[in-house]
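Look at the two complexes coming up: chain A is in both, with chain B in one and chain C in the other.
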Partner chain A sequence: MIQSLRFRAAVVSIAIFLAFIGVWHLATRQTASVGTMSPEYAKLMGLTATSGKSAMPGPLDVGAKLWEHLKRPFYDNGPNDKGLGIQLAYSIGRVGLGYLIAVIVAIPLGFLIGMSPLMNKALDPFIQVLKPISPLAWMPLALYTIKDSSLSAIFVIFICSVWPMLLNTAFGVAAVRKEWINVARTLEVGTFRRAFTVILPAAAPTILTGMRISIGIAWLVIVAAEMLVGGTGIGYFVWNEWNNLSITNVIIAILLIGIVGMLLDQILARFTRMVTFPE
Partner chain B sequence: MSTFDNPFDPARRLRAGACSCGQHASQSEHEATLQLSCDIPETEDKRYEGVVASAVMRAVFPKEIARRAFLKSVGASSALAALSQFFPIKTATEVFAQGAGKLEKTDLKVGFIPITCATPIIMADPLGFYAKQGLKVEVVKTAGWAVIRDKTINKEYDAAHMLAPMPIAISLGLGSQPIPFTVPAIENINGQGITLAMKHKDKRDPKDWKGFKLAVPFDYSMHNYLLRYYLAEHGIDPDTDIQIRSVPPPEMVANLRADNIDGFLAPDNICQRAIYDGVGFMHILSKEIWDGHPCCSFAASKEFITTSPNSFAALTRAIVDATAYASKAENRKSIAEAIAPAAYLNAPPVVLEQVLTGTYADGLGGIKTDAKRVDFDPFPWQSFAVWMMTQMQRWGQIKGDVDYKGVAEQIYLATDTAKVMKEMGLTPPTTSYKSFAVMGKTFDPEKPKEYLASFKIRKAT
Partner chain C sequence: MTTKFISIEGIAKRYPAAAGGSTTIFEDLWLSMPSGEFGCIIGHSGCGKTTVLNILAGLDEPSEGTVIVDGQAISGTSLDRAVIFQSHALLPWLTVMGNIAYAVSSKWRKWDKTKVRAHAQTYIDKVGLTGSEHKRPSELSGGMKQRVGIARALSITPKIMLMDEPFSALDALTRGTLQDEVRRVTLETGQTTFMITHDVDEAMYLADKIFLMTNGPGAVLAEIVENPLPRDRSRIDLHKHPHYYALRNHIIDFLVTRSKTFTATTPHHDPRHVPVVRPAFPEAPTMPSLHSATR
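Right, the complex of A and B next:
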């Protein structure tokens, strides 16, 4: 039964995909007729103006362009023009670094907050105010104070991805069942040992859920950050192609950003399953 | 420290930073030498020996005070003897004279915005103008004017492509912290245009434009001042009758297509791009408002100039050289091809060709030719700066009085550029102020106050 459900879901997915492509194709076909123009004039104009080609690329244009990129993902034509593979690698590197710093900060701090009701109450207002700030709002401040654009990008990833982890860690630690802690106390387990052998395993699923939310946010932020910082990364690629009004390339970048984001999320989801325990 | 100083003179500073060329202890001494520069130069060998010895002294005594104290106590000759004991100054001098690597910094970063105004900065890379000066320059594409400003202030870039009024705004602290900036060269003159949406093709008289939403790339831009000037001359108050928005160039075309704006005064290739995509037409070229107006500038911070005067001079030479090359009509087509790839402008070559050669589709079915649609002339006329300041005051960006000439001469380095041009065998203008006409109205750089007072439409103060 499960097998057939999966099968049916796959069929429906493919049908939705095909329908979407079909509608997209129809919507972007050659449209209005165009007025006549002299051949010399037409030579100076773009396809949209001369042949009535839609300004929005169709699925065939995107497919052809995507194939072109996939054929040579790692070319390097100097500082302003690199292959998509290299751009993605830069972005993943930046996200990885910013995220790692966030993990290093958020988990110990979350533990502290979770284990101490006083700190929990005291830090709460700060966290609540800082949490909803958009990466674009942090960027000018970071650029101005850090005075280095690549460090600013990493800082922005850090500051935006730290909060869900912090809150989830604190919540997970605070919500460990009192019986377990009491048992540990009865057995005279020291504070450190208690933290690592009782609280950490018990809170791990919640912490990892926080980490999973955070990696999603970090990946969201990277595009905005790189658009401003420039130079390398998938965000820069989007901005550069936007500059050239190449919607085809922008669509390809959107597709790739989605796929990479999904992969990152799946990796964290797998980790979460590894530490989950039945009660 | 200059090439010509005696490093064993205790009263002499070894580090640059004193005068604008870095060769003299103070600005007044610098000017004095310029006035009476008829002293006989020493022999080349002697000069090189001085350079090497000063480098050694700098290495041995990184602290200025320690060096002076040492020299005062032992005397110059015994200091030289002592140094020669453990460092072969003579040999080093010979090696140095052969290499003659006087550039303080050879790896430089220069930021640019992807528009045709940046042509000299960009093309100097693929066409080898930087390499000719012994520089390794990385030209970095940047997302917008505010970002390029911040990155240059943060010293991520050694020099950058900026709108001509930006260095004035930065130096005066408008919209940012005041930091002394300089303009050694104007990148391009002309090269902008007013593009309107296709639906306005019958509204060619600006008097019919009330209620329009128009876009300019940045507040401190010639685009903004020229558009306001043009509208005001036609009796439209740019602050009350229409809306002027600051919009990044690529978004201008998209906004025009989406009907969010009615038109824009933009740098080129953006105007031509709107025509190429069939969303707009060329109302007028900015050249028709003021023929020969500056557009973008090549800018560097005062700090870069004082710490690396030789690298800065080499960079200026490269830009002047590139500008001279770009100003020739026969080179334009090859330039268009060189700067079109994704690493530089990332634009269709046919669009760039139309901008640079001046034979272009006007968007209404006609082909027009104007070889001076965009032109290149590096000389940073100080009168340009004075005009910009009058407009900054006119539209309320500067409140109160300005020392027009003082500021202009600080920022627009006409004298230094003239010197570089002379060294390169070019003939720079003999004066740094010239009068010009904007829409038929003459601007006299000697009377900026009267000029400002003569405008009826201006921001109420």
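Right, the complex of A and C next:
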């Protein structure tokens, strides 16, 4: 039954996908009438508009272009023309670095907050104020103080991924079952060993959930951040291709952003499953 | 061996009440037990049994008074006092072996892994869990989980075992087998054990002494009942013993009526010298002695 449900779902997914491609193809195939377009816009859109073909690329155009990209993902023809693989690698690298720093800061701090009611109360106002700030609002300040666009992007990733991890760690640590703590207490286990042998495994699923939320936010934010700071990365690529009026490339980039985001989420989901224990 | 291996000396527990004052759960509680004895505490829900046990374990602190174990006032928890929790409290991310090895390696920090595992294995065998070493708690039945809890407590060879209603969540059949095992093991090792129970038959089967507590708040230890049943009693034949009904009726009578009225009807109760009774058939208490009762 489960098997057949999965099978039927796959069939429906494929059907939806084919229908989408079909509609897309039909919608972009007809020639748009040049007359209805404002002359200024026609000028702006250049050849594609005036030649009568739709400005919106069809699925076949995108497919062909994607194939081209996939064939040579890592070419480098100067600052404005790099392979998609390189651009993605830049973005993933920034996310990875900013995220790693956030892990290093958030998890120990979360432990401290979760284990100490005093620190919990003392730090709470700061967290409450800092948490709702849009990560991009930090950008000017980061650029001004760090004076390096790439590092600023990393800082923005750090600041946006730190909160879910911090709050989840603190919550997970504070919510560890009293009886498990009591087991450690009756065995005279010291604070440090207790943190690693009881609290960490008990809170790990909650911590990993926070880490999973964080990676999702970080990947959302990196595209915007790279649009702002420019230079390299998939966000910059999208912006650059928009300026080049290559909607085909923009669509391809959107697709890849989605796929990479999904993969990052799946990796964290797998880690979460690894540390989750049945009760 | 001292006659007061465990000595609870005038402890009280108070919690701040809603209206600013404080609620006294119990006060001026005195209780002592010699080494190697099995004590059971019985009383109605909420009278403070768990609180007494947690204070003995060092998990909780009395508002007043002290607890002396083996000649020393206790402060905090200790590996000498193992606790078997009602909810078994196994660490769910560890296997059966992992849970017991965790306790063993906490007690003997310098032991290497093989030694720890070998030691843990003997206790796994002792509670009849051979073959389940690599199972997680979620893969065990309630009875098996409680066995792991017992093995974990025994494995650190504590001076005292403290059990808070260890079997109350189990079905009658499993409870029976575990009671047999606990009795066998404690007799074998001469373990001093302190247990909370709501089950009168359980207390009669396991305990040498049964401590009767009145209803809270302001609960007192009303009476110490010496078990008149022979030491080699078996669970199955318990009710065939001539003293069985005398003992059982005495305890039930206390729980049903006297636990409520005791404080009012006994104004001169001296908490430092709690009466010791030995219900027996056909007549009143004889001189307390463990082996005096006959079949």
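Just so we're on the same page, the second predicted complex is superposed on the first by the 259 of 279 C-alpha atoms of A that agree within 3 Å, B and C clash if a C-alpha of one lies under 4 Å from a C-alpha of the other, contacts with A are read in each partner's own complex, and residues count from 1 in each chain.
Here is the rule we use: contacts are C-beta pairs under 8 Å (C-beta built on N, C-alpha and C of every residue); 3 or more make two chains touch, one makes a residue touch a chain.
Small disclaimer: the values here were computed from a predicted structure and weren't measured.
Of the two partner chains placed by superposition, only chain B is touched by A:Gly78; chain C is not. Using the contact criterion defined above for the overlaid structures, shared-chain residue A:Leu208 touches neither chain B nor chain C, since it reaches no partner. When the shared chain is aligned, no partner comes close enough to touch A:Met115: not chain B, not chain C. Touching more residues of chain A than its counterpart among chain B and chain C is B.
In the superposition on chain A, A:Glu188 makes contact with chain C only, not with chain B. Judged by the touch definition given at the top, the superposed model places A:Ala55 against chain B, while chain C stays out of reach. Within the superposed three-chain model, A:Met165 lies out of touch with both chain B and chain C [touch as defined at top]. Residue contacts after overlaying the shared chain place A:Tyr144 against chain B, while chain C stays out of touching range.
In the superposed model, A:Ile199 lies in contact with neither chain B nor chain C.
When the two structures are aligned on the shared chain, A:Trp242 is found in touch with chain B, with no touch to chain C. Taken together, the two complexes place no residue of chain A in contact with both chain B and chain C. Put simply, chain C touches chain A in their complex at residues 57-59, 76-79, 81-83, 85, 87, 89, 91-93, 102-103, 106-107, 136-138, 156.
For chain A in complex with chain C, the residues that touch the partner chain are 177, 179-180, 182-183, 185-189, 197-198, 201-202, 275, 277-279. Partner chain A is touched in their complex by these residues of chain B: 114, 138-143, 146-147, 150-151, 154-156, 249-250, 253-254, 257, 273, 275-278, 341-344, 346-348, 350, 354, 360-361, 365-367.
Chain A makes touch with chain B in their complex at residues 35, 37-38, 40-41, 43-46, 48-49, 55, 77-81, 140, 143-144, 147-149, 227-231, 239-245.
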